[in-house]
Structure formats: structure tokens, C-alpha cells
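Labels A, B, C, D and E are assigned to the chains in the order they are written; within every chain, residues are numbered from 1.
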Amino acid sequence: MDLLIDLVQLSIYGIVLGSILTLGAIGVSMIFGILRFAHFAHGDLMTIGAYVGLSFLVFTGLPIWWALPAGMIGAALTALLVDQAVYKHIRRTQPVILLISSFGMALVLRSLVQLIWGPNVYSYSGGIQRPWWFGEIAIVPNHVWILLAAVLIVAALHLFLTRTRMGKAMRAMSDNMDLALITGIPAERVIMLTWILGGALAAGAGVLLGMDSRLTPTMGWNILLPVFAAAILGGIGRPYGAIAGGMIIGMAMEISTLFLEPSYKPAVAFVIMVAVLIVRPQGIFKGTL
Amino acid sequence: MSLLTATDIYGGYGGADILKGAGLRVETDEIVVIVGPNGAGKSTMMKAIFGLLRVRTGQVLYQGDDITNAKPEQMVRRGIAYVPQEKNVFPSLTVEENLEMGAFLMSRDIKPRLEKVYAVFPKLRDRRRQQAGLMSGGERQMVAMGRALMIDPKLLMLDEPTAGLSPLLIDETFERIKEIQALGIGVLMVEQNAKQALAIAHRGYVLATGTNRHEDTGPNLLANREVAEMFLGG
Amino acid sequence: MIKIEHVSKAFGGIQAVDDVSFEVAEGSITGLIGPNGAGKSTLFNIVAGLIRPDSGRISLEGRDITGRRPHQLFHQGLVRTFQIPHEFSRMTVRENLMVVPAGQAGENLFKAWFRWGQVREQDSKVLERVDEVLDFLEISHVADELAGNLSGGQKKLLDLGRTMMTDARAVLLDEPGAGVNRTLLGKISEAIQRLNTERGYTFCLIEHDMDLISKLCDPVHVMANGALIASGPMSEIRQNEQVREAYLGGGASGRMGEQR
Amino acid sequence: MEFAGIAAYLVSFFTFVGIYAILALGLNMQWGFTGQFNIGIAGFFAVGAYTSAILTVPESPWHVGGFGHTFLIGVAGAVIASALLGLIIGWITARLRTDYLAIATIGIAETLRLVIANETWLTNGVRGMSRIERPYADFFQALGLTSAMGSLIVVTAFLVAVYFLVERARQSPWGRVLRAIRENEPAAEAAGKNIGRFRLEAFVVGSAIMGLGGALYAHYFGFLSPEAFLPLYGTFLVWVMLIAGGSGNNKGALLGAVVIWIIWSGSEFVMSATLPDSWSSQSGPLRVLLIGVLLQVILITRPQGLLPEKAPKTVPTGRSRESD
Amino acid sequence: DGLRIGALVPTTGDLQVYGETSLNGIRLAVDEINAAGGVLGENIRLRSGDTQTSPQAGVDAAQRLATIEGVHAFVGALASGVTIPVAQSVSRQEGLAQISGASTSPVITDLDDDDFLFRTVPSDAFQGVALAQIARDEGFESLAVLYINNDYGLGLAEAFSEAFEAQGGTIANSASYEPGQSSYRGELRRVGRGGTEGLVLIGYPENGQTIVRQALEGGFFERFVFTDGLRSPEMISAIGAEFMDGTIGSAPRALDDNPGAQHFRDAYREQHGEVPPQPFMDSAYDAVYLIALAAQRAGTTDRVAIRDNLRAVAGPPGERVYPGEWRRALELLEAGEEINYEGASGSVDFDENGDVPGTFAHWRVENGEIVDVRVFAPEE
């Protein structure tokens, strides 16, 4: 019985963590799908989003939820800028160059966050929330909102990808950039859009992460590997798989603390991921968008 | 005014020039064929015209406008469609999605266009949901042509459209090309099935090592002994 | 030499190969033709070990080779080319060919480290052979070019060149002529013939160029919709109504290579 | 800033660069030659370092060990252990596509780091292992050299040997097959190459070289803790060195190690010399910013690296080639 | 040729926050000494190197300072994981004294450092004992422990648990956590089992805030026991005073009757503004004083001579000298007298291992303020 309660409670925590991972993983997955490289600066885009949201709140005094749109705009613009300033020029080289470049970009973004906001720890709002109790299960109100926000963002993205030709154009681009150009697909516009979406999603993850924990310059970098694990698990390049991947990783990490020394917790994500990769090298979910 | 004229084109891939003064002309409702040995620069010439390769010197005119080194997107907007020799489909998209992508720049309803293409290549209708990357070599060639036709082009540029097609389809393709030309579309194509191609061509160019070797009407080139021996396989 | 027995393969709903059986006789140049999408390449891929058949059996010189990996088959004397060229892009043309010969001592890391002399000596022999092949295919002038920069036709030639680098006994050629200049193709067909008569290579080739097929191949097998619909010498095949309708058509291309 | 000081610094600088160059050469074997995307270098690095440490340190009440073996046995153990690890990982990840291999390897490396941090009996966990001796300090002392110089000599000797082996491997038919596999697997397989075997060989040899780098690291630093094997210094720095130097090119790997370490460590020099004191608290992030920007500049201006890959010279045939 | 001191502090990486304040402390000491006549008649020159909180970068920076810059002694590093490799591969090899003001790992105590490594903070082994005493004084019987998985967390957790149980308390659950996670709820649920009176949390603010918040929100714990790492006003303002009131903790701290601590705070405020909550800046400040005194007493900037004089100036016998009394120290040394430096962070008397015994504050949050209840030396 106790075990059951533990499992339920930890699963709830896992879903909250999973929502955050999912938003990050969808972005990673999309960028991989179009541009064919693992974007190592994605975590730091999350950080930027979270901090922009924070500054927006501080300057305007608006309620906490405004951090979300503000952060999304901030990170989308950052992503766009980074792409135009750097990635654009090396897009035609091998993906590994882009990967290393994105790693350098991660350093740049992180140090900018430090220069602008300093190394201290911030949070969006002081104080804590008392949980609602359902029998022995506790649910914190924020968690409901976080989950809701994640669902809304994913739904909006889904509509965008299926109701517009841009979604298909994105995949076409990821197949064959040259042919896309020849066909008249405005490749640059599609790429820019990808960065805008990816940046906005990253910021979504960052702001929600900030709401659930706190803001530090390394918050995004620290969560990057689980985000990758989620993307991989869902089958990288498949945004919808990322949702399942995020949830599985999130839950597995929380539930693992029941059985394992918690300092092994981050390893849980990796072990699951590696195991899945070995059994199913294409990720757990087949099928495309 | 010619539909397309390219004069004195020099250009290459960064190193030495591949094209060394080649040129050509396509009139509205004319089929023009480029033949020549492998590596002569035929595909390079197509790319240069379509703006995929920097033309170092020389000029490309389309309906009297200078389009030298214009962006591919511009070309498509002006009604030039190009089917490259290799990698000419989006492998992970379905057949129908490949065709849709062909009409990406056209904002109007694409259904009728799709129907038109399916009428030309009925097999594609049967396979509309199949991923293009999993199709046979010949089937892909159809997808690629279909994709190009989606924009209702005024000038259609085909790089070896019949490579890998069955004899029946080769003949059919050349028939289609004639039909397309009859609609008032200029066709510029590179071909290794040179005899059949020249047979339907109004004019032909023989390209070797980046320069024009011969230029004449199709039948004349076919009749030319030297051309036949050196370039058409006797 | 190669015996294909009741081989079938389906991809999802498509029956790509449907209960095909035939034999490639030792020393023959066997042709395989058929409409686009008939399943020819798929059959090749099955024989060459790239795809596992759903059912059926392949044997090479009497030994069952169903499901063997391509590199294992290579060592049993079976090599193939690809319909869409598979070059080693960022290696030079010369290196592309140097990779191929089997049993190079230097492929063993310890020998490469500690028996350098032997390795170099072998390499220079390989190189001589490479240069012969390049000359033959008329692509010596691009020998030091990266293979990825070759023209479409040149890549096909390179692919063919790789099979010439081996001591193969049976060679599967998937459309060696597509995109190759006809004058050169004439020479290539001579080469195939020479390899066949002088060196005893057995060939099985897919081709849509009826000129080449009639000149080289006997017998010819015809596939359509995954199944074998006709076999025999080309002159007979031409008379087959079904083949004419599904494949050859009545046009110039279908009539190519007819005795004039 | 006297000459002796600079010389002494250069000794440590080049020891450092030498160790990283060895790691970069190991990576070149895997990525540059074969296209195996290993971003778990830190894992092999750590296993090599800890193996050698455990084999050589004197007895300690905190963790296993007390074997007190000599330096060379430690190194041999490190090479063997990391080769074995490479064998296992290479084998289980054999079927993985490039990008998946990447994530799998970083996952494995992070897991290994956590094992090192948590399995105290084996590695003394987060407290780290100390008392690892520099190689042949007594011997070099007898020659009138400091232990730092001795380390440099030892590291250089290993670097030269590794360079020689790796370069010869690259020029050999073995290396040619690897590059062929990198470019096109089906074609390499159709050419009769056992892809699995070659890939695994390259992965194992590369891993062993990384393990060697780890052992040298342990003996130079004298102290190991899991912090040294975080991805930033354990993995990414090596990648940056190889890519900036020119992957596929062994000289590039060497040059990359030098240039990137100069940027990494020299940038601080520049910062402290140019920034006013009031900026000092910003100097850290500014320096990282500078590093990031410089890296982008290298990648944009030299996407193939400072020394791009070149095909190895083929043996002259003796036959004179008529020009065409 | 005057005294050159090399400061090894992280201005990037995980401990950057501590690095900045430590550097401020070091600067303050250097400025004070220089203003009061310098060492051996010349100004101290300060050179700093960024350890990036990483052993690789730390060693490289130290090496550069020791060779190119030719410094005569080090202050630093902060993280034990950096301090130890620097000591092993630079300080010991190049033969110069290294005094860390922050590395608290018990490993340092019996490290093979050829006596070149010193520290002005007490080992976590001592603080653990102090913390146990504080927890017992507050009446805790049964506690859960959650500690950061590094040498700092482990050292404190072990020392605390041992001492607490020796004094009759119970450790219900104990677990370590990996820093940088976004959720610690699983960990909290694990240690929260079986009804304990509170949570002993050993870590740094970065993750500490998250953990405390999640502990309260999930209803896992109501009361907390902290160590120096979490003694920070930020923590209280972020969580809310109403939840933090009653939280207790330990921190290395000079005995109250020490005038040095007061001087340090005043001087710091004057030079750098508000005194931040971070620990270790006073201990870094003391390290500079000790090096300067040792050089002055040795009468030379020779590296080994400085090292050899450190114990003499740090501990008894001798006239007590406090921070800000550089002139007086000069005079005493001039007169050939022995001195005993009493620092801003405590008495800083080095034992044979280069450790200092240290005294600790028992602090408590009251009305949102951190209040020192008492300062004491832990009993063995």
C-alpha cells in the first residue's frame, strides 16, 4: 500500500518533470530533424528564456505567468540571432561542426547570462505553495499549471505543424536542403521559423523549470542531458515521440529514488536511454510526424 | 526574344572552371537537348543557369531579363523548374507530399495541379502515400518530374530525365516531353539516351570539356558522323 | 552458379518480389529486365545479402547463402554495384578503388604497424591495378579528385571500376548504363564481354538499355510486379506479348538493339 | 617575468597539451577516421586514470589498492582496462546510428562518473584518490631534472609513439577501409569489408589511447576526483581541439590541442592584462565569452579545421603516368 | 623584488559566487598591508588565476602563477577538488606554500603535501561535530540527512551522523544528492519516510533553495538544520521568513571576543559595500595576512622560508596581532619579538597538518534574520 502511494506520488512528480523535459526535447528534436545536429546550446536557450521572463516580471510587475510569453519571445529572438550570426555560415559543412559550434554557443550564452544577471540564484516569486492533499497524495497547485501550460504549448505546436505547409516544408528541408532550394522552398525562412519555434519551446521549458525550482546560470545546461535522453527515446527528429520520451524519463528518474541511492538519479535517465537504444536503435516510437 | 539565353558561361565549383565559355539558347515551345561525355559539364551548365553555381563571367537572360546568379527561389517564381540528376526527391516525404512541396510557392489551391500530374503519371496516384525514398529508381524519376510540373513552368530543365527508366517509359517520357512542349513550355534537357532525345529535339548542343562542340538541329546532329561516333555511341 | 529458388519479399503492402526462381549459369551474362518497380533491384539486394527474403533460398555454387552478409559473400566471389552510385565521397577516386582488393595485409592493424614494408609493397601492386582500371574507364584525369565531386556518369563508372578491382566470380550489375555516355557504354559492354570470356566472370545485370541487353545477355529474364514473367534469349523475349506491353512498348527505345 | 619562469611554465603547458593531444588522437581514430561519434571521452579518460591510480598507489584504508605497482604497469593496466571498456561499449552500441551513438556514449560516460563518485570502496568516491606519483621522479632527479620535466619527457615519448601508430594506421589500408566505412557503409560492405570488425577495432584502439591519456593525467596531477571528468573538460574540450585542428588529420589533432589550450588558458592572461580592476568580477564570464566567440570564428573561417584532412599519399608505382 | 601572492579563485564555474567574495577578502588584506607599509618595504603584488572550479584549469592557472608570474605563495583554491590537485602537482613540486580559505575536506588533513598546504578553515570533521552538538542543544532526537554528493557534503554528513548518534540521537535516513537536478522530490520522499523531526541539509544555495522549497511544498519537512553552505539571507527571502524561522545551523566563525572579525566587517563594508553572506572571505583575508607576516618574519620572499615561518606567525607563543594591525606587526617583528596572528575568521593556529581547530557559530533564523546564538569550540 505504501509502495503504491509512493509510486503514485512519484509518478505525479515525474509528470511535472516530464512536462519540462518534453518542451525541451521537442525543440531539440525539431532542430535535429531540420538541421541534422544535436543542439548543445539548447539548455542555455532555456536559461535565457527563464531570465528574460524574470526581468520582464521585475520591470512590469505583471503576474508570474507573463514570464512565459516574455521568455518565449526573448529566447526565440536569441535563437534567431545566434543562427543568423553563426550557424547560418556553417550550415553547409558537416553536422559535427554545427554541434561543436553549438557547444561554443552554449558557453557564450551562459557567460552572457552571468554578465547580465550575475551568478546569483533567483526565483520568480518568494514563498512556497501549500499542496492540496488528496488522501495521502499531495499536489502542488503550480504543478497543475505547469502541466497545463506544457499541454497548451504542445497543442499549439501540433496545430501549427499540421495546419500549415511549413511543417512539411520543414521535413523536406531536413531530407535534402539542396532540393528544397531548387523546389523554391524558402529554406532560410523555414530555418528561421525552426529556430523561433525551438527557442520558444526552450524558453517554455526554462520558465516552467524556473517556476518549479529556481533560476541559475547553469539551470539549462544541467538539464540538457536528460532532455537529450528524452528526445532520443522518442526517436530523435520526431517531435511527438519526444512527449512520450520526456514523460518516461521524468517518471523513471523520480521513481528510481525508491530503489537507488539518489545520487545515481541522473544515471537512471542514461541507463534507460542506452538500454532502449540497444534494444530499439530507432527509439521506442516508430513513425513520423 | 528568346525564352532563355546563356552566353559565354565560365564557372565551376571553386577550383578550376568546369565551364569554359559554353552557351545555349532555348525558344518558347522548343525542346533543346544537351549531349556529351560524362563529366563534360552538362549538369554543371544546368546548375549554372539555375543559379546553383556562381557564374564567374557570362550572362543568363530569361525572357529578356538578366537572371545571372539569381536565387533559385527567384527562378521558381519566374516559372523555371529544374529536376536535378541525382537526389531529386525528398526521401522521407510521401509521394504526394513531394508533389505538394513542388508547389510550395504557389499559394492557390493545389488540388487541380495534383490531378494534372497524376494524369501524366498515373502510377504516382497509386503510390501517393508511399515514402519516396523507398521507391524504385525509375519511380523516383517520375516523382521528380511530377514535382517540377507542379509549378506550371514556362521553362522545364531536366537533367537526364530518362536515366533508369524502362524502354516503354523512356518513349513515354519523351512523348510527355513533346506534349509539354506543345503546351508552350520550353524544355531544356541533358540526355544520354541521346538518339531518342535528339529525335524529338528542335535543336541540340554537344558539350565537351566545358565548351560547345557542336550546335545544330536535332536531325542534323544525328546525321553527323563525327558526333554519332564520338558522343552517341556509333 | 547462382540459384534463386522461390524468393519472395514484401514491404508493407507491396509484394516487391513474388516467388521468383531462376538460375544464373556459370560463365553466362544473364540479363534481368522489367518495368520500373518490378522488383529487380530488390532481388539483387536479396542475393547480395543486403535484404533478407521473406521466404526462398539463394545458393552460390551449390552452397546456401541465404541471409549471408554482403562482406561474406564478397569473399565467396560475389560482388555487386548499386543502381544509385555509392561512392566514398571524401576519398579520392584512386583511393576508392584501392579500398576494394581483398586480403590486403595492411588491413590488419598489427601488420600495418609492424610490417610496413610488406604493406607498402602490396599497396604499390594494388595501385598499378587501379591505374589500369582508371585508364580503361577513361577517368584517369580525375584520379586525384574526391569521388564526391564526380559527375553522375563518372560515379557510375567508378562503381563499375570497383567490381573490376576484385577477383570476383559472379558480378551483379544494377543498371551499369544509366547515365553513362553511349560511346563509353559501348566500351563498357566490350569490357564485360572480355571479363566474361577471358577471366570467366559470371554476370547478372539489370539494364534498361536494350542495345546493351541484346548485345550481351543470354538468357534474359523479365520481371513484372515482382514476378518472373518470361525467360529466354532476347530475340524470343521481344516476341513475348506480355513483355512488349509491360516493358518494351512499341517505341524506339524498345526496339533498340533489334537485328537490323 | 624571467626566462626560467617561462620555461618552467612551458614544461607544464606542454605536458598538459601532450595529454590532451593524446586524447585528441584517440578521438581522431574514432571520429576522424571512422565517423564514430563518441562524446563519452571522459568515461575512457576516467577509467584509464583510475585504473592506473589504483594499480600504483600505496595502500590506503579508504579504497582498494595498495598494489603499489610501477608506473608502466599502471599505464598498461589503464590501456587494457579502457580497451576492454571500449570493446564492451563498442560491441553493444555497434548497431547505433551516429547521433544515437553520441548520446549513448555521453550517457555511459556520465554513468561511469557517477559510479566513480559513489562507489567509495573502489575509488574513494568524491573524496578522490591522492598519492599518485609522478613517473620516475627519482630517476629524473638523478639526472638533475625536476619531476615536471620528467613528466614532460614521459608524456612526449608516449605522444610520439601514439602519433606514430595512429598516423601509420591512417596511411595503411586499414585506415583506408575505415574512411571508406565512414563515407558509405553499404558500399564498404559490398567491397567485402567486415564493417563491424573494423569499426570495433577503431573504437577499441581509440578508447585504449584515451585510457593512456587518462593514466598520464593521473600521474601528472597526482590527485583524481570525479570532478575532473565532467563533460566540459573530459570530453568537449577534446572535441573542440580535434574539430578546430582538423578532424581526420593527425597533425590537426596536435595543432588543435595547442591552439585551443592557448586560447583557453591564455584568454585569462589577456583578460587580466586588459581589464580594469573594477571589472574583475566580470572577468570570468567575459573570458568564457571570448573563448566561445573565438571558437565560432575558427569554425566559420576554417570549417574543415586549421589543417584540413588530406588523403594520405599513395605509393608511387614506378610506372610513369602519361598526362592526359 | 617584493612579495607576490597568487590568488587561486574561481571566477567561473560552480563556485564562482564564493570566488568573487573571496577575492574581495584577499584584495582587502593586500590593500590594508600595502597602505601600512607593505612587506619588506615593498608593496605586495597580487596575481589572480581563475580555477574555473575545475582541477585542470586550476592546475594550469596555478602553474602559470608559480612560474611565469613567479608568485611566492598561493591563497586558494576554494573547492577541495581543485585545492588538492594544485597542492600535489604545483605547490609541492614548485615548493611554495598554499593556504586555502575554503577547502574543508577532511582528506586535506593527512594529504601528502610535503607540508606546503595549509588552510584557515576548519575541516568538515570539526564542523560535523559542532553541528551535532547544536542539534542536540535544540532538542532534536531524530533527524534525516540529505547531503550534496561531493567531499564537502560527504565529510560533514559522516562527521555529523557519527557525532549525533554518539550523543544519543537517531539518524532516521541519510542520502546524498547529485547537484544540478531540477527536482529533488524523489530524494526528499526517500529521506522523509518514517517521521523525523527535521532535515539536516548540507549543500549550497543553488540547489538548497530548490530542495527546501520542494520539501515544504511536498509536505516532507517543516524544520531544517543547515550548515555554513546554506547560511544565507537569500535563502530566507526566497522561501519566506514565516517558513524559515526556527531553522538552525552551524558555520565556522571566530569567537565573539575576537576584535579581528569586527575590523574585517567594517573594512570590508568600507571597501566593497554590503558584507555578503558567503563564508570564506574572512578566511581568505587571513591567509594573505599570514603569508605577509611569514615573509616579513623570514626577512625574504624565498618560498620555502615563507612556508617555514607560517606556523610561527600564526600561533603562540607571541604577542597577539589582529587584522588591521599591520604597522604594529612590523614593529614587533622589527624588534625581534614573536607574534601570534589572530584572524578575522578565528585564531588560525596551524597544527602539524596545517589545519586550524576552529570555532563555530550556532545560528538560528528569527523573524527572518540570521542570529548567532553562540560561538563555541566543539568538544571532541
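Convention: a contact is a pair of C-beta atoms (placed from the backbone, for glycine too) under 8 Å apart; a residue touches a chain by one contact, two chains touch by 3 or more.
Remember, it's a predicted structure, so these values are computed and weren't measured experimentally.
If each hop has to land on a touching chain, what is the smallest number of hops from chain B to chain E?
The least step count works out to 2.
Would you mind naming the chains that touch chain B and likewise touch chain D?
The shared contacts of chain B and chain D, listed by label, come to A, C.
Distance between chain D and chain E based on Cα centroids, please, to the nearest Å.
Distance between chain centres: 35 Å.
How many Å are there between the centre of chain A and the centre of chain C, using C-alpha atoms for each centre?
48
With centres defined as the mean C-alpha position, give me the chain A-chain B separation in Å.
Distance between chain centres: 44 Å.
Scan chain C for residues touching two or more other chains and write them down.
If we look for residues of chain C contacting two or more partner chains, we find none.
What positions in chain B touch 2 or more of the other chains?
none
Which chain E residues reach two or more other chains?
As it turns out, chain E has residues touching two or more other chains at 12, 16, 20, 149, 176, 178.
Which pairs of chains touch one another in this structure?
Every pair of chains meeting the touch criterion: A-B, A-D, A-E, B-C, C-D, D-E.
Within their complex, state which residues of chain D touch chain A.
Those residues of chain D that touch chain A are 31, 37, 92-93, 95-97, 99-100, 102-104, 106-108, 110-111, 114-115, 117-118, 236, 239-240, 243-244, 247, 282, 284-289, 291-293, 295-296, 299-300, 303-304.
With touch defined as at the start, can you tell me which chain C residues reach chain B in the complex?
Chain C reaches chain B through residues 11, 14, 33-38, 40-41, 83-84, 139, 142, 149-154, 156-157, 175, 178-186, 208, 210-211, 246-254, 256.
Please output the residues of chain A touching chain E within their complex, sorted ascending.
6, 9-10, 13, 16-17, 20, 111, 114, 119-121, 123, 126-131, 133, 138, 140, 142, 209, 212-214, 216, 218-219, 222-223, 253-258, 261-266
Can you tell me which positions in chain E touch chain A when the two form their complex?
Chain E reaches chain A through residues 12, 14, 16-17, 20, 149, 175-178, 180-187, 189-190, 205-206, 209-210, 213-214, 216-219, 234, 237-240, 243.
Enumerate the contact residues on chain D facing chain E in the complex.
So the residues of chain D in touch with chain E come to 1-2, 5-9, 12-13, 16, 114, 117-118, 125-128, 130-132, 146-148, 220-223, 225, 227-228, 230, 232-233, 264-265, 268-269, 272, 280-281, 283-285, 287-288.
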